[in-house]
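Reviewing the structure listed below.
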């Protein structure tokens, strides 16, 4: 970990007696190989994206040769393994919407509240304690959250303590726990956005007789709005893509979810569950995985593009 | 508040005493709500920890580490899952760290920032970071299918999925570390006649080792806790042997937790909780190591 | 009767005293609106300004000048408790506003800032429309305003900006030029009807023409407000100020910490034409700073 000192190297006079002439370095050849390798490593990230697209699109093409896109997108019955198979993805989407909405209802107020506290109120020393604690929340594996959602939130809180009419699984318990999981994501990005609002604006507001609450809500929050929206949008994308919590706690019965106490299978939940069955490569069942995966991928990319757009806007403002 | 109708300059309006606009009810309620939001988040964390501790402690013994899974909870252990996690994470590290650091060095030190390809790469890394983890499972699944691999539950397959999953994280952490090295260090080295690569290899990279290490450990700890992509690759299997190579079958700790959580018997739930405790301890140790490195080598300039 | 002010520089050498002559054409001392007595400002253990006594009269412009690092801005920020917002900042001594110590127990710093407004070095418009920028202060302080539109117009008019912006009140304030932004910030301050306006090098980020307009504006504002301006530009002080206080930084021999001290405070003409202190003379004539 020590810094190699350039001074320990002898001066690079290559051969004695030769007149010092300026000419192309002899290390150029090996250097260009190194640069090429580095470049290839960077290009590999593009290959990953292309690979994802190919991996998802090719089976999806086979899938859509057997199932029409209209039936897939607008069909209301999802039963890919039944003899009377049906491939309407709407039930999966309703479950995803429910868990995502519930997660946001938890995560947005908690995350933004934490962000305002950290950015506008907390002393730097306090912030140094609170932020790592939030990071722990982000570091808990999702499968452990899933265990907690099923064994504690669903079984103990919703059914035993509150006596709610719910079965073994519900989108509510999955959504609630997912919301807590997303709090650090939203809090940390929103705090970044608010911290980058110039302090001159805070001082200007204070000099006009505003208190901290007014300054936070009327000056800092609006000034950081695009960054805050980006934080929330990224939270949405994490909620839509989260797998383990919903696979464990939301249930695996694909149905149109009408109430938060119902169980339901999300898009990710379906992929996780279907993968458990050993489906033959190239079979319709196998291709179904990828069709749902493609839909999920496109959805999160769309959400992410929106988020990047908002981040750009707030970068431009300052 | 009060009306402001100053009529002439000689009017004397003394300062009101006893009030403090920061201590008025509304700002105080607001501040209370802010604290409440943190408090709720933390109390859920505490509840989660207490839940798995209460449930898991009775069965948290050396048997958990040394025994193989079994259909009877009192005999079951997570030995293959622990070894599987070790195999997968080490393979992931070997695959992803050189790649990620190389890509970051290219983007930060060599790439022409205005070149369309480099801008595309940059945007792409941002995008990859937001791709749901389960999609990486599908990617690896498709890739192995393309190679005509029949048994997809092999260490190298899982490691491939996890490597690509954390690659953007490693790249972004490394870039941040490189960016923190001041311009003057580079200039000084270049002015002594070093080439760009020599400067990077001898000055910039060594100087940013702590932040790269911190970022890498955090990325690997994320991979260690990840289950979804491995689930897609069929890692939810009953394994009663120690994984012994890149092509060996395996299961990992998170998958084992998932497996036991889904069983009806209470004994397995206890095992799931105990394994969660184990996993959390390992993750906490990794995080502590990362934070230690970050603090021990914090900015010397 | 005299409006003589006695100033002191800090230890360790014996304190020199300066006596400004009363020239009769100045208002009597009872016209003091704001003043500080024996004021020290600290950042943590570091003493930024020490033992300052000053008084600011109604409807006058007082300039604080001196080399950079002499604590003028720090002093200015302690006059309306803006320093409260900085961690570790601490004030000893008193700041009197209408005979009340603004640091006394029970005084609301927010009320203080409402009554003693501030204009900053760099224009700092909020990312809102021009209209909302002006209306911000009255809104947050809960002023009962019969017509916000009228108040906005009145404030912008007083800040000599109305004719330039009256057709684009809903446009973002960022769209204005630097000089316009600064006049808008002045209008924003006027809108809450303070008694005093503190200006912290308000023209340092502006070009000469914009600077001139602000200086003209200050002369007009003097009719209604008491103004304290920090400036590093001596010509500006000479042009706008009725009185001028000259500060310098005094390096402590043991620690090397530089602490701001008030050297001389007098009518502006006296300071520039007939300085009593060698250090003032050196600074005015450009020999240091």
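Each chain carries a letter (A, B and C) given by its place in the written order, and its residues are counted from 1.
We adopt the following convention: contacts are C-beta pairs under 8 Å (C-beta built on N, C-alpha and C of every residue); 3 or more make two chains touch, one makes a residue touch a chain.
Quantities reported herein were computed from a predicted structural model and do not represent experimental measurements.
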(message) Starting from the defined contact criterion, work out which chains touch subunit A and subunit B both, please.
(response) C
(message) Comparing the two chain pairs, does B-C have more C-beta contacts than A-C, or is it the other way round?
(response) A-C
(request) Report the inter-chain centroid distance for subunit A and subunit B in whole angstrom, where each centroid is the mean of the CA atoms. (result) 12
(message) As a quick test, compute the distance in whole Å between the mean CA positions of subunit A and subunit C.
(response) 50
(request) Round to the nearest whole Å and give the separation of the Cα centres of subunit B and subunit C. (result) 51
(message) Counting only residues that touch at least two other chains, what does the list for subunit C look like?
(response) 110-111, 141
(request) Note the residues in subunit B that touch 2 or more other chains, in rising order. (result) 21-22
(message) Multi-chain contacts only, two chains or more: what residues does subunit A have there?
(response) 209, 211, 214
(message) List the residues on subunit B that touch subunit C in their complex, please.
(response) 1-4, 6, 9, 12-22
(request) Spell out the residues on subunit A that touch subunit B in their complex, using ranges where they run on. (result) 1-4, 6, 12, 25, 27, 31, 34-35, 37-39, 41-46, 48-49, 51-52, 54-56, 58-59, 109-114, 116-117, 121, 130, 132-137, 139-148, 150-152, 177, 180, 183-184, 209, 211-214, 217, 234, 237-238, 240-244, 247-248, 268, 271-272, 275-276, 278, 281, 289-290, 293, 296-297, 300-301, 303-304, 307-308
(request) Report the residues of subunit A in contact with subunit C in the complex, numbered from low to high. (result) 123-124, 198, 200-211, 214, 218-219, 222-223, 317
(request) Can you check the complex and tell me which residues of subunit C touch subunit A? (result) 80, 82, 85, 87, 110-111, 113-114, 117-118, 120, 122, 124, 126-128, 136-137, 139-141, 185, 188-189, 192
(message) Quick check on the complex: what are the subunit B residues that touch subunit A?
(response) 21-22, 24, 26-27, 30-31, 33-38, 40-42, 44-45, 47-48, 51-52, 55, 98-100, 102-103, 105-107, 110-111, 117-118, 120-121, 123-128, 130-139, 141-143, 145, 164, 167-168, 171, 188-189, 192-198, 202-203, 206-207, 209-210, 221-222, 224-228, 231-234, 236, 254-255, 257-258, 261-262, 269, 272-273, 276, 279-280, 283-284, 287, 291, 297
